[in-house]
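You will see chain A twice below: alongside chain B first, and alongside chain C after that.
Coming up: the complex of A and B.
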């Protein structure tokens, strides 16, 4: 491990939140193919997908129970939280092998990184804590006590506020990243799992898996201003369990993964009306756009595959078999 | 050893309390809203056949304590502080008296009491604005002909448990049952629920036998020699069956049956594959974190009674945070309103049946090592909630809430 660690540039800025990665990449030539990394929660593997051929090119063995996964800002590494090993592993995006581990605190699930690439915020589900890591020094530099079972982690576009959702407390905690203190707590519906900002910072969307809704929060007023509800004919409401959220850069369209409802909802980003339900695989978890926003890839936990959605056509065009119980996904240029 | 544990728990409580006060003082000028919750439990611990099933002295109340901690973690953001008032009683008389005393200090009392004692307590508290949360009694009659407007039922009913098991056995195509019932009243009530479930879901009870409790110790120095001779003979010459279903809530014989039946058949019901609201092995849907927290607090894993108490205290906590209030009436009204739902690590939201105040919930099927399945099974449909395929449904209810 030491040897491998030495291969990693010491000052390499590591990690990026899913949103930050999508936002900060340079303009993309249209012909480029991308690489997607999918964490397989039960398989203890990461599947590497080439978005040109839509095939799995490699399966990487990782630690126990990989879930949260994200490219580093420089695109050189992929970080994956392996909760049952109490660490975050670092995969070299070229060599496709594990080259390092980070001291994440117990049971890391989802994480977010600041704009400078220096600080990583990790949700530790087991002890109601958000751990703050210095990525250069590889040390824990602080923690924030939050509600019961922190999960969703997202930084505001200006980097000033970190959102952490706690699943049993049912809140979105607003944490000031400068002082590392909670400045507001917004009550949402039961079991909030994921938070996503519009790229202009005007809205925060928080999904509630058991509540069955997505709360729209005004980040300035720090209050819920609206709720997206879902209804699918022939499906009992308990099966509709919103988890992953992806918003287009222009904020005009939102996609919400509905878990065991086996559908992704397409939501008007302005009126918050549900426009359409796209049938995907079983128990859809998280999603990620290709950097050109042409495609949205969604992980289907129970059917062990990834659905490819054509964003403009709002259609599922492809299904790719991956490892056992796919959960998280991150995409960047090769 | 025991002293250390007690000291440790005390110290932890103190540190928690100090932390809480500090947090509250920092964030709010006002004193936190105090919300006390009562716990009325039985003093005696029942005897079980397997020493592994022997309940701990803090069975149930440990779940309530964990939920108090969880509520307080949330409460520090809302300026609410939860406390538990724990009372153990020996008989009906004592239960009614203890309930009366608790009622002076709290609007919510968890009850782990036999059906008759629970009814006595409920009627004694009538009109005093107290909500009882039944965490222990599975009797259907408490939700049917004997239902009360001041009792919310968190424990599942025998019919919910039996239906959860029956759906799986039918899905598995084990439709021919040999039903063996114990001689105590509770065993007979569970057998009634199993018969009803068989009829409902298309299983057939091909033969019934009863096992008399003739007394005797559950553990002896002679060990299992005698049992090994008795059980094959007891199950000999039965009509052709797929699964032996045992109704033995009294822990007299059911756990002696697996591996000892005359025919090579699986056992379900009170032994083998058991329907339950929770199991120490349950770790799906984020339950790992709950089990970890419970282990830290109670030094063991969480069982069904612990979970029922955890859910009850969380329901009160949920009512407090949703109404942003410590007012017992506002909170009780919220719990009984259609807006109330709660997450409890069972893969779906739980809600109350408005006709009898029974908590809708999936039923886990556990074999003592693992969760084998969770009911409702796929394909058992319902127009309102598939959870209502478990237990007595609205059109069949005999409950008139008052």
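Coming up: the complex of A and C.
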């Protein structure tokens, strides 16, 4: 007994320090501390999410029907298209309040900005035009007539071509940014929602909500070279409605939000084969990577939350409650 | 006909050394391990049962979930992921009942008498037996988890460690319950009754297959029954522990039930009571 007692003090500190070390180990490695802004279409608000704690830190009241949302290139402001107010509001990313508005055509939905952050191209859903804005002078500098109900907007990595998808005409319009003229129209499946380039400009992916496919377009030849189809066991094919697309910078992996299928498809960027379906909330819409590409955040419109996907593990790790009908999302360093 | 002890117990000693306790423990655990190793079918069947549920039952019930986030999960999950902890508890439930069956068998074959003449305290012997059974069930659960991993049931790596204490406690509770029941079973054939009256009601009226809020929508009365079922708390304790969390209510219920069943079993196996019950009805 005495022996045991003699041994105790010697071993106890070791055991205690081991225990302390075990307790101090954080369950998850410290994250990156980015800030995500989520537009809530029905709640008329923008939710601000801290990507360290994965919590909503603030809810900002904005105009009617906020949808398209993006940081300015300098990271100082967040622009949000408020469709029913026919304008784009500018939120100060530090003060978290609206500081300005930008002119746009009626019912702006989505927009794209050039690499320098000087020109903004806005899809105006109701009058079939793309409005071109000068971001420095904050004035409208031109219009491009496109098909019916323009929505998806994406600039090619070299900035020479603007892609606009029109929901009802079922086309991806190729617009020359220098002349502001349509130079090609590529027919895709029914109701194209979104377009995304590979970062090297070698491929353009266009999602078709009703068609249930993603068309792979060769931007040089301007023709469809392949189609990604989706099938989830136990789900009707009508429930599979691809909308948002996010491609990793290396172009090896693509994520496609499948709307009411409540899944995000993980697609091999080279073979275009679907590798996996990740279960998220209801009616998953748009997605955005954190700048370090560790996480992908997806907005779930009907269940009013945002799902966080671990990109490397290809797993959904968390779902965060936000405002009513979350639609768009943008993420940057605060 | 009353059974007289084979040996007269040695004169009572005031205490035993730790070595003697450990010899006893290793002896009992080793016997259980040997029995487990020699009955490969038992191991396979213990694995096949939950896997059948996972592969076949869960496939048809995929739509049951996916519409709400249930703690401890932090996002939407597939049904397979939901029922995995329930199936882990099911393995332990069957194992607990099976070791109770082995107690009946031991009693019929006379092995138990060899065990019970040991001078060590009766409660300690039963506890060793319980621990041996639990160790076997924990092994079975980990084998199940290893297979389930390929079925996309991938809890956080730490979860495999944090679930261990929960598995031990749940295993002890279900084992003690089995032991308590076995004291009342006179014949091996009665085990079918245990299936009908214990295993099935306990398994189905629990949170193993469907979340309680789902049950409550259908029948508040049934939800209350599920809430009161200790097996529900064993499932929830395992479910939370698998995701590195602690469910205090379940811990209290499982801990309390373990103590109650254990004391009940010790009382039931008291030489002055337990064996006397073996009347002329029992055929050995």
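Here is the rule we go by: the second predicted complex is superposed on the first by the 302 of 334 C-alpha atoms of A that agree within 3 Å, B and C clash if a C-alpha of one lies under 4 Å from a C-alpha of the other, contacts with A are read in each partner's own complex, and residues count from 1 in each chain.
Convention: a contact is a pair of C-beta atoms (placed from the backbone, for glycine too) under 8 Å apart; a residue touches a chain by one contact, two chains touch by 3 or more.
Values in this document were obtained by computation on a predicted structure and should not be read as measured data.
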Q. Fit or clash for chain B plus chain C once both are placed on chain A?
A. fit
Q: Using the touch criterion from the header, give the chain among chain B and chain C with more contacted residues in chain A.
A: B
Q: Applying the touch criterion given at the start, work out whether A:132 contacts chain B, chain C, both or neither, answering first, second, both or neither.
A: neither
(Q) Just checking: does A:282 make contact with chain B only, chain C only, both, or neither of them? Give me first, second, both or neither. (A) second
Q) After superposition on the shared chain, which partner residues are touched by A:120: those of chain B (first), chain C (second), both, or neither? A) neither
Q. After lining up the shared chain so the two structures overlap, which partner does A:91 touch, if you call chain B first and chain C second: first, second, both or neither?
A. neither
Q: Using only C-alpha atoms, work out how near chain B sits to chain C after the chain A superposition, in angstrom.
A: 10
Q: Indicate the residue numbers of chain A shared between its chain B interface and its chain C interface, in ascending order.
A: none
Q. Quick one: in the complex, what on chain B touches chain A?
A. 23, 70, 73-74, 77-78, 286, 289, 292-293, 314, 318, 321-322, 341-343, 347-349, 382, 385-387
**Q.** Partner chain A, residues of chain C touching it in the complex
**A.** 62-63, 66-67, 69, 74-78, 154, 156, 158, 244
Q) For chain A, which residues are in contact with chain B within the complex? A) 107, 125-126, 128, 145, 147-149, 166-171, 173, 182, 185, 187, 190-191, 209-212, 236, 238-239, 260
Q) Which bits of chain A are touching chain C when the two form their complex? A) 27, 234, 262, 279-282, 303, 307-308, 315-319
